[in-house]
Structure formats: C-alpha cells, structure tokens
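Two complexes are shown next, each including chain A; its partner changes from chain B in the first to chain C in the second.
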Partner chain A sequence: MVIKLLKGYMFFIIGLMLLYTLRHFYFTVQRLLGRQKLYYGDIITSRMKTISVLIPMHNEELVLRNALDALLECDYDRALMEIIPINDHSTDRTGEMLEEYHSKYDFIRPLHRHTGRRGKPSGLNDAMKIAKGEIIVVFDADYRPARNLLKQISLGFEDPHVGAVMGRVIPYNANKNMLTRLISLERSGGYQVDQQARYNLGAVPQYGGTVGGFRKDYLLETGGFRENILAEDTELTYRLFTNGWKVLYANSAECYEESPETWNIRGRQIRRWSRGHNQVLFHYFFPTLFSPYMTLIQKLDGIFLLFVYAVPMFTMVGWLVSMALFFLGEMNIMSGWWVILFLGVYDSFGNFAPFFEVGTSLVLDGTPKEATLLPLLMFNFFFYMWHISLGFFDAVADVVTGRTTVWDKTARAKRSKEAVK
Partner chain B sequence: MTKKQIYYSRTYRKLRANRRQSLILFLVVVIPSLAAMILFMPEITQLFCRVAARVLGRAGVITVRRSMYNKLFRDIYYLASVAGLPSARMCLCNVGVCLAVMVLCMALPTRNRPVSIYLIFNAGIHLISSLWFLFAGWDFPYEAPDFSQLYLIQEVGIWVVFLVMTTAVTSILGTLGLGYKLLTVAAVMAYSWVFGLVRYIVFLYLLRRYTMLYMTVMYFTFGPMFDFLYLVMIYGWFVNRMVKLYESAKGKEEWEWS
Partner chain C sequence: MNEMKGTLLLFALMFGLPLLLAAAYCRLRKSKVLHIRQDYVRDPRYFGNSFRRMVQEALPADAEGMLHLSRPEQCVFPEDAGALAEPAVDGLVLALKGEFRPEKPHVYHKEIYCAQDASLPAGSRFRALCGHRIALARDCQCLRWVDGSGAVTVGEDCDLGLSASSGKLLTLGCRTGFQRLYAPEIRLAMAPEGLPPHSPVPVPEKRNMPVLYDLRNLSERQSDSRGHVSASLITRWNLRILEGMTVEGDISGDRGVRVMKNALVYGNVFAGGDVLLEEGARVLGNVFSQGSVRLGPGASVGQPGEIHSVIARRKIYFAGDNRVYGFVSALRGGTTGDRGDRR
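Here is the complex of A and B:
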C-alpha cells in the first residue's frame, strides 16, 4: 500500500512537470510566431489621468536618488502627477534626503511612517489615503523608469475595464556578477516571452507590484492591500481577475531594476516571494476556479500560476519519495522514464522561465552573448528548490497559526549613481 | 544588460510564422530517428555493452546479459558486472566525510550559494546510503547487474526524450538556420551516446572497484540531471548562432511586427 502511494506520487509529479513544460512551450511558440497583442500605446487623449507615484522605502539612502532623479526626467505633465516616497520606519538618511527633494519640488510629498506596521502593503495603504491621483503607480526604490514610462502606464487606464497595468523589468546591473547575469536571463524569459504570451492569449498577465499601476478607487473600495499577505502584487492580480477586471502587460514600458548581488539576499527574496505567493494560492484557489468573470483559459492559466511556487516543494518531496522507493527496491519505477521529472529542473520554479523560453527571449531581444550562460541555470535548481520550499512552509504556518507577517526588505548594493549610468 | 542593447522596435517583433515548415522539420527528424531507435535498440545496447566490456574486461570477467525491456523496444543488453559490499570501516569513513562536507557547507559564509546547497543535498544522499550499508548492508535490494540494467533503460529514456525535446525547441526558431538546427540535434544525440557510454563504463568500474556503496549517489547525483547540462549547453551555442543569424541583413527580413 505504501509503495503504491509512493509510486502514485511519482506519477503525479512527473505528470505535473510535463504539464508545466507543455505550458511553457506553448507560450514560447505563441510569443515567437503568433500574433502579438499590442499595448494601448497608440491612444491619444486630450486629458491624461492624474497619477500618484508611490515608492515604498525602508533605509534606501543608497538608491533613492536614482529612482527620484529618473522620475524627474519623465515626460509626464507635472501638474497631473505627484510623487509620494514612503519613508517606512527608516533609520538611515532616507527621511532627511526625501525632505531635501521636497524642498526643491512641490510635487514630491514624502510620507514619513514611524508608527504602525512596517512593510510594503501597510505603507501603500497609508499612502493611498493621502494620494490625489486617480491612478497609483508603484516603483521599488531601486527602480529607474524610462522617460516615457509613466505616460505608457497611464494610457492603459483609458480603458474603463482595466484595473492594473504592468511594465517590463530589466536589470541594469546584469554585468555585475554571475548571479545578476542569471537573474537577467530569468527576467528576460519571464517578461519578453512569458508575460507577453499570456497577454497575447488573453490569459493572466501578472501585476508585479512595481513598474505598474492600478486604480486607486477600486483598491480603497475593496479595503486596500491585505497587510498580512507578502505578495500584495499577486493578490491584487487575482482580486482584479476574479472580479471581472483586466490586467494589461505593456512590454514596451521598460524599467530598470537593481537585481540582488549576493546569494544570501537572493535566497531571502525568493523565500519571501514564495511565502507571499503561496498565501495567495491558499486564498484564491477556489475563487479563481469558480469566478463567473474569468474565461476558461484565464482559469486554467490562473491555476497554473497560483501553483508555481508550490511546485518546487512538490519536487523536493518527489526527490525524497524517489529515494524511499530506491531503498525499498522499487527503483525501476517507470522503467527509467523518470528522466521526464528532470524536465522540471528548468521549468516551473516560481516565475522563472525554462531554458527554451529564455533562449527564445534572447533571440527576440537580439542578445547573443548571454546564451552561453544558459546551462548555469541548472545550478539554481537546488537553490530555488530549497528557498521556495521554505517559503511554502512559511505560508502554511501563516495560515495555521494566523501569525503576523514581517516584511523582509531586500538589501541594496552600494554603488554611486555615476558608476551605473 | 543596459538599455542600449534592447531597442524599442524589438518589443513586439516576432518571426515570420511558418508553422508547417517547423512541423515538417520536427517530423522529418524525429520519426526516422525514433523508428531507427525502435528497430535497432537491441543492437544499439549490444554495441554499448561490447565497447564497455572491452574496456572493463581488462580488469576482470564481464558477461553480457539480455532481458525483455518492453514491447516497443523489445530486448536490451546490459553488462553483468560484479560489486561487493563495503566494509564497516569504509562505511564509517564515508559517513564521516559526508558529515564533514555538510557541516562545512552549512558553517561557511557561502552556505547560501547554489554549490553549497547542491553539496549538502548530495552529501545527504550519500550519508543515507552509507548509513544503510553500515547497519543493513545485507538488506540492500540491488546487485550490480540490476543497476547496470536500469542504467541502460534510463539511457533509452534519455535518448528518446532528448531527441523529441531538442528537435522541438530548435525547429520552432523560424525558417533560417536549418544547418544549425540539424547540427544541434545531432550534437545532442552524439554527446548523449558518448557521454552515456563513458559514464556507464566509469560507473561499472567504480562499483566493482569501490563496492556498491556508491550506487545511490551515482543514480541520484550523476544521473539524468547531468545530461540536461550538456543539452542546454549545446542549445545555448545554438541560440547564440541563431541570434547572430537573425541580426544579420538576411535575418532581419524574417522579422514581423503585428
């Protein structure tokens, strides 16, 4: 009986890996050869929407100038915009530096938070209460928007059915070290192919919490961000879709981020993403399944997307199960066809794209040099499996104990503005 | 990657679609290759065994066995090598080494690096194996021929999956670069055969020389995951060539914006 159960689990995990591989392959073919759904960049309007740019900051003295200076260079009408940097319990010079900007520019209005709960969802909720714009645009403090980014994001909201817009993230420190190079590859596959294909297919493009915007009124009417959920972006994506709103992906709206430069920071970041994403899985599995507003393809893709941070945990259990079967004398399970399990090595880990999706994105972007780094993605297998699984168990503990979550901020690398220009 | 490397016009570009040509290429490569594998699998594995036996035979007697695999591939041949049980001292040494590796990897500041996590996982696998042989070696459910047979069955799985997968991911990349596509499939298959054979010889040699203690780690650590490494390596070279091809004057004509 036990052996049958263990074998059954192995069939399940191999089937799951195969499904995710086919899903990614379909996305790849669609993006490479299919009809592309353009973003709303051609819309001309006589009155752009008012926007509030929110930038959560906790001890961001090293990077905040880059983000604010890049925003100041944006071509959005300043009469229609305000920038609210959220100084969230900072203990460094963040608050002081923000006040310097405020003294020079009226429309930069810092929000200093020294009481209440720390964390991005809480900070955004407080900032939305004082924001004047119809549309909230969010950036992390290490991001540098391209000049026309705000215009592009804002245009999408001319469609009254659009609840959120997401742009493309590109690491600017890709050449720093091996880790940043690998992250750059993953980002490339994840946005240029995966997000665009999902947008093309009318599936579930994801609002990513930064380099994107959403309607302020809708968020406030539905109670703001849930402060205990660490992936407030994914939660918003599912809240919108399950209530009949659209999320757009703007591949041309590029923004440049600072990727984590050490494995410790990356591990913590991945674990937090996994924890938050799995919290959303537990909340939105049934609403997604039974939403009257979502199409079949949206439900299907939505369910696949909900499970992306649970699959590595399933794989780790599969690894243990295969070891148990080995010592029970059952290693001939599926007569060696368990090689298919390893298709999953490059697939379905979090939001990370498999090798052929990354390869295709490099062809689309026209960047040949990075292709030779593709095999190194393999070494992320155990790294992601471990950290994502830890995040999964964190999320389970959150649900079981009802404990309060604490936001674990991604640490920044120190470098001068001139050095990265 | 800096902004200069990604131009605005590339945002929505796609390759001129010729799905029929891609499908034909896929079928033309996969069907005959698969048919050849199905028809000649007994002979292929027999050849494998002959070469391996010739290399290994110098160090002892090796016999070739035949067994029914399944209805599709019929029989496969495998080498019936011998391997003994490890001594308690050897097991203890291995337990010590595994523990040392695990503790060291966990104690160093680099413990969060992929290579450390990889070493911890695999040292853990070998630790379990070493403890098994220390306390219940007599109950280990396999002999060397079982492992040898499974290895070749697994190789058959790798060859089929890699053939289909490599052809699929290369054939979709537009209408240009047919030579690169065929070369990539051929290189992956050739490498998997040569690498598979060399690894088979090494595994059987190690089993015979250093006992069955290392069977578990061979199976889990140096198994199919390593095969994916060279597949992606060759695919990476292929992508590099294709990017350059589609950025050339001829290749630029293949792009469309829809």
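Here is the complex of A and C:
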C-alpha cells in the first residue's frame, strides 16, 4: 500500500513538472513569436487622475532620499499628486528626515506610525485612509522611479476595467556579487517574458506590491489589505481578478530597485514571499475556480500561479520519494513509451523550466551574453526550494493555528546615491 | 570497468563544465545593468523641438558653410543664388532669412530648418522639416518628420513619414498616410467649407461611476429619458452603442466597440479588438484599440481645450471631415480617406 502511494506520488510529480514546463515554454514562445499587446503608455491626455504615492518605510534612513528625490523629479502635475511616506515604527532617523522633506514640500505628508501593528499591509491601510488620490501608487523606499513613471502607471487607470497596474523592476546592484547577478537574471525573465506574456494572453499578470498602483476606493470598499496575509500584492491580484477587474502589466514603466546582497537576507525574503503566496493559495483556490468573471485562460493561469510557491515543496518531497523507491528497489514504475515522460521531467529538471524565460528575456533585453550564467541558477534552485518549502509550512501553520503574522523587513545594504549612479 | 569510468567522466564533464564556464564568466566579466532613462519625459513634438534646439545652439555656420551638430553638416542657404539649382539637395537646408518657398519640387536628402514659414510645392521629397507655419502641396513625401510651431497644412496624396506635429493646427488632405500626428487640433480630410468646430462639452466628475457589465448593445433600455447612460461599460463581447445614445462614463471591451451614428461618449474607449466611430459619433476622451480604429465621416475624438489620444496597435482610417484634439498613433500606419467614397 505504501509503495503504491509512493509510486502514485511519483506520477503526480511527473505530471506536475511537465505541466509547469509546458507553461513556461508556452509563455516563452508567446513572447518571442506571439501577438504583443500594447500598454497604454503612449496615451497623451489632459485628464490625468489624482494619485497618492505611498512609500512604506521602516528604518530607511540609508535609502529614503533616493526615492523621495527621484519622485520630486517626476513630471506628474503636482496639483494632482501627493506623497505619503509611511514611517512604520522606525527607530532610526527616518521620521526626522521625513519631517525635513515635509517642511520643504507641502505635498509630502508623512504618516508616522508608532502604535498598532507593524508591517506593509497595516501601514498601507492606515495611509489609504488619509490619502486624497483616486489611485494609490506604491514604491518601496529603495526604489528610484524615473521621471515619467507616475504618468505611465496612472494612464492604465483610464481604462475602467483596470483595478491595478504593475511596472517592471530592474536591480541596480546586479554587479555586487553572484547572488545579485542571479537575481537580476530572474527579474529579467519574470518581467520581460513571464509578465508580458501573461498580459499578451489576457491571463493573470501579477500586481507586485511596488512600482505599481491600484484603485483606492475599491480597496477601501473591500476592507483594505488583509493584515495577516504577508503577500498583500498577490492577494490584491486575486481579489481583483475574482471580482471582475483586470491587472495591467507595463513593461515600459521601469524602476530601479536594490536586490538583497546576502544569501541570508534573500532566504528570509523568499520564505516570506512563499508564506504569503501560499496563504493566498489557501484563500483563493476555490474563488478562482468558480469566479464568474474570470475567463478560462485566466482561471488556468490563475491556478498555476497560485501553486507556484507550493510546487518546490512538492518537488522536494518527490525527490525524497524517488530515493525511497530506489533503495526499496521499486523504481520501475514506468516502462515502454511512458519513459518519455521521465525524460521530459529530467529535461525540465536539467533546464529548470524557467530557464527558457530567462534566456529569452536576456536576448530581448540586449544582454545575451549573460546567458552564460544560466547554469549557476542551479544554486538558487536548491536554495529557493528549501526556503520556499519552509514558507509553505509556515503558511499551513498560519491557517491551522490562526496565529498573527509578523512582517520580516528585507534589510537594506548601505548605499549612497552616488553608488547607485 | 573502463566503460564505467568513461561514463562517469563524461557525466562529470557535462555537469561541471557549464558551471565552471559560468563561474569564470561571473568572475571575469561585469554584468550590464539595464539602462533606464531616468530623465525621459514624453514630448509629442520631440523631433522638431530637439532639432530646433540643436540647430539654434550650433548656429552660425562656419566660413565653409559647415554647421556642427552631432557631426559637421554641409549647409545649403536657399537665399544664395543657385543654391537650389539641382533637383537633389544634399546638404542641410538652413532658411534663416525670410520664408522658404522653392518654386520647383526637389529631393532633400537632409533636414530642412526654417526660421520662419515654409511652403513646399507638389511632388517635393524631404527627410525632415521644421519651421513656423508649414504648407505642403499635394504628393509631398516626408521620410521622417515634419513639425511646425504654427499651423501645418498638408495637401492630398502625401506621406508624412514617422511623425507630423504642430503647435496649433494640423490639417491633412485626402489620401494622406501617417504614423503619428500631434496638434491641439487636427483636421483630417476636411472639405474646404469644413464642418463648424465643436463646442466644448462639460464633462462631469467620473469618480465612482456605476458600471454595467457584459452588455452587447447599449440601447434606450439602459438610458434615461434624454438617452443618457450615467455609467461606465465593461464587456467581454462586441459592444454597440446605438444611434444617438450618450455614455457619460468610459467603455472597456475585450473585443470590438462600435459607436453608432451621432452617439456620444464622454469618457474613454478601450477595446481589445477594433473600434468604429460611425458618422457624427464623438468620443470626448481617448480611443485605444489593440486592433484598428476607423472614424466615419464627421466623427471626432476629444474636444477643444483638451488633449486626448487615438491609438491603434494596427491601423487608423479617417473617412473624412474628422477632428482629433491631440495625438494620433497607429503602429502600422494610418490614412485619410477619399472624399469620393466617404458616404
């Protein structure tokens, strides 16, 4: 009985990996050869929306000037915008520095939070209550928006069907070490190919929580961000799609960010993402399946996307199972032409399916030589598998115990504006 | 045994070599951080404005008639005797004194800079042209761009290249091709007598406007006694706004949108498919299509005093007597119609 179960699991994992391989391959081919949808960034209009730019900050004295100075350079009509930096329980000079900005610029209105729950969702919820703009645009404190970025994001909301807009993130510290270079490759594949292909296909482009915006009124009407969910961005994506809204991806709305520079920080970040994403999986699996608003391709892509942070855990268990079967002498679970399935899975393992996307994105971005680094992504693969699995079990524990989650902020490297340039 | 060793060696090489190569590459070569133009600001008259700025900063030309732009350019001064004697003009034309009005058509291989007005005769070919007021007679061909700080008038059967723009008024004759147009007011294939200009319509605040989902036809059933619908429309289907209706909100359709005769949309129209504005239809906001856009006779987009856009991923066709207040862009090009077939 146990052997049968183990063999059954092997079939499951083979099928799962093949499906995800096909998915990545399809996105890649679509991006290379398929019809590319236009984003609304070319629109010129004199009726722009009012926006509130929210920047969650917890001890950000090292980087906050970069973001605020860049925002002050933006070409958005200042009568239509305000900036609300959220000083979230900071213990360094963040609050003091924000007050200096406020004294110079009326439309920079810091929100100081010293009581209540700490974390991005809670901070955004409080800030939205005082925000005057129709559209909320969110940046992290280490981001450096280009001059036209606010306009690019805001234009998406001219379409009444659009609930959120997501821009593209580009790491500026890619050259720091091997980790940052590999993160840069992942970012490239994730945005240039994965997100754009989803947008082209009318599937589920994901709102990523920063370098993007959403409609304030809708979010407030539906109770704001759920403070216990650590992936508030993914939760918003699914809330929007399951209720008849669209998310747009704007590949040309680019913004620099700082990537984590140590494996320890990256591991904690990935674990938090995995925990939050899997919380969303548990909440939105059935609403996605049964939403009357989502098209078939949106449901299909939505379900695949929901399981993205569960699959590495399934794969890890699959390896343990295959080893157990091997030592029990029960590995002969397929024969004849079925072996092709094994080969397919082996191939997708060897290529780590997202490689298709990363390689293609490097060509599209004009940096094809960086593809030489692709084999090194193997290290990330194993590293992520472990931390994503931990995050999965965190999320399961969250659901079972109903415990309160605590936001684990990603630590910043000390980086001056000159170094950024 | 040897076979086993060979297999293991082959495996180790196939597994290890790509890693070694990647590690060496990582150590020896720095990554290229993708460049974002941090200072980029959209300017629909970019070509003309930046060229004007470049020329004005580089003036005057040196004794040998060279102007130092991004590289030295031989200049042609039209006021010089015999400057335009040949049918082909190879240098950069600098019309600094008086209007530029060549009598015969020429082929200008470089840009034309006019400090004042410019008027090119029928059949002229040029790379780019900037000036104050500009008039292009019929059958002119522009390779790159034309920009006027004053009114720009383009005759029939012209090709406007990549971009045509004006600071005031851009008028296009029939059967004229374009890719991008910009002006506070653009008149397209309009008869000499023209249609009277539109009077501005006050557009109410749209925030929190109700939404009607998945309609295929918008008819009197959804409207008030005036034929007005105070809602935005979102639909997965082809949508028709029936004759004479007024939509006070925006429209977003996953497929085609057809705004029928004399219908009015206060907001924007977004469509996954084609957009058709029939005779006399008006959209006061933007029109954006992932397919093509076609404006019937007398249809218009935008209104005086505001700037809006008509953008199509494929083509745009203006049947005639059309007005757009702002920006027009068609990835696969657009054209104005022939008055003969507009009805």
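Methods note: the second predicted complex is superposed on the first by the 398 of 421 C-alpha atoms of A that agree within 3 Å, B and C clash if a C-alpha of one lies under 4 Å from a C-alpha of the other, contacts with A are read in each partner's own complex, and residues count from 1 in each chain.
Going forward, a residue touches a chain if its C-beta (ideal position, glycine included) is under 8 Å from a C-beta of that chain, and two chains touch if they have at least 3 such contacts.
Being a predicted model, the structure only gives us computed values, none of them experimental.
A.B. asks: Consider chain A as the common anchor and indicate whether chain B and chain C clash or fit when overlaid.
C.D. replies: Superposition check on chain A flags a clash between chain B and chain C.
A.B. asks: Have a look at where A:44 lands relative to chain B and chain C in the superposition and call it first, second, both or neither.
C.D. replies: second
A.B. asks: Which partner does A:72 reach: the first (chain B), the second (chain C), both, or neither?
C.D. replies: Touch partners of A:72: none, neither chain B nor chain C.
A.B. asks: Touching A:365, do we find chain B (first), chain C (second), both, or neither?
C.D. replies: Both partners, chain B and chain C.
A.B. asks: Examine A:151 and indicate which partner it touches, taking first as chain B and second as chain C; both and neither are also allowed.
C.D. replies: Once the two structures are laid over each other on A, A:151 reaches chain C alone.
A.B. asks: Figure out whether A:295 sits in contact with chain B (first) or chain C (second), or with both, or with neither.
C.D. replies: second
A.B. asks: Contact-wise, after the overlay, does A:160 reach chain B, chain C, both or neither (first, second, both, neither)?
C.D. replies: In the superposition, A:160 touches chain C alone.
A.B. asks: Report for A:217: first if it touches chain B alone, second if chain C alone, otherwise both or neither.
C.D. replies: second
A.B. asks: Which partner does A:380 contact after superposing on A: first (chain B), second (chain C), both, neither?
C.D. replies: First partner only, chain B.
A.B. asks: Now for A:134: first (chain B), second (chain C), both, or neither, which partner does it touch?
C.D. replies: Touch partner of A:134: chain C, not chain B.
A.B. asks: What residues on chain A does chain C touch that chain B touches too?
C.D. replies: Touching chain B and chain C on chain A: residues 38, 146, 170-172, 174-175, 184, 188, 254, 256, 365, 367, 369-370, 372-375, 378.
A.B. asks: List the residues on chain A that touch chain B in their complex, please.
C.D. replies: Against chain B, the touching part of chain A is residues 25, 28-29, 31-36, 38, 146, 170-172, 174-175, 184, 188, 196, 251-252, 254, 256, 263-264, 267, 322-323, 326-329, 331-332, 335-340, 342-343, 345-346, 355-356, 359-360, 362-375, 377-383, 386.
A.B. asks: State the interface residues of chain A toward chain C in the complex, per the touch definition above.
C.D. replies: Residue list for chain A touching chain C: 37-38, 40, 42-47, 70, 73, 75, 134, 144, 146-148, 151, 158-162, 170-172, 174-175, 178, 181, 184, 188, 202, 217, 244, 254-256, 295, 365, 367, 369-370, 372-376, 378.
A.B. asks: If we count contacts the way the header does, which residues on chain B are in touch with chain A in the complex?
C.D. replies: 1-3, 5-8, 10-15, 17, 19, 22, 69-70, 110, 112-115, 117-118, 121, 125, 128, 132, 141-142, 150, 153-158, 161, 165, 168-169, 172-174, 216, 219-220, 224-225, 227-230, 232-233, 235-240, 242-244, 246-247, 257-258
A.B. asks: Under the stated contact criterion, what part of chain C meets chain A in this complex?
C.D. replies: The contact residues of chain C facing chain A are 18-19, 21-23, 25-26, 29-34, 36-42, 44, 182, 203, 207-209, 211, 213, 232-234, 236, 249-252, 254, 267-268, 270, 272, 285-286, 288, 290, 306-309, 311, 313, 326-327, 329, 331.
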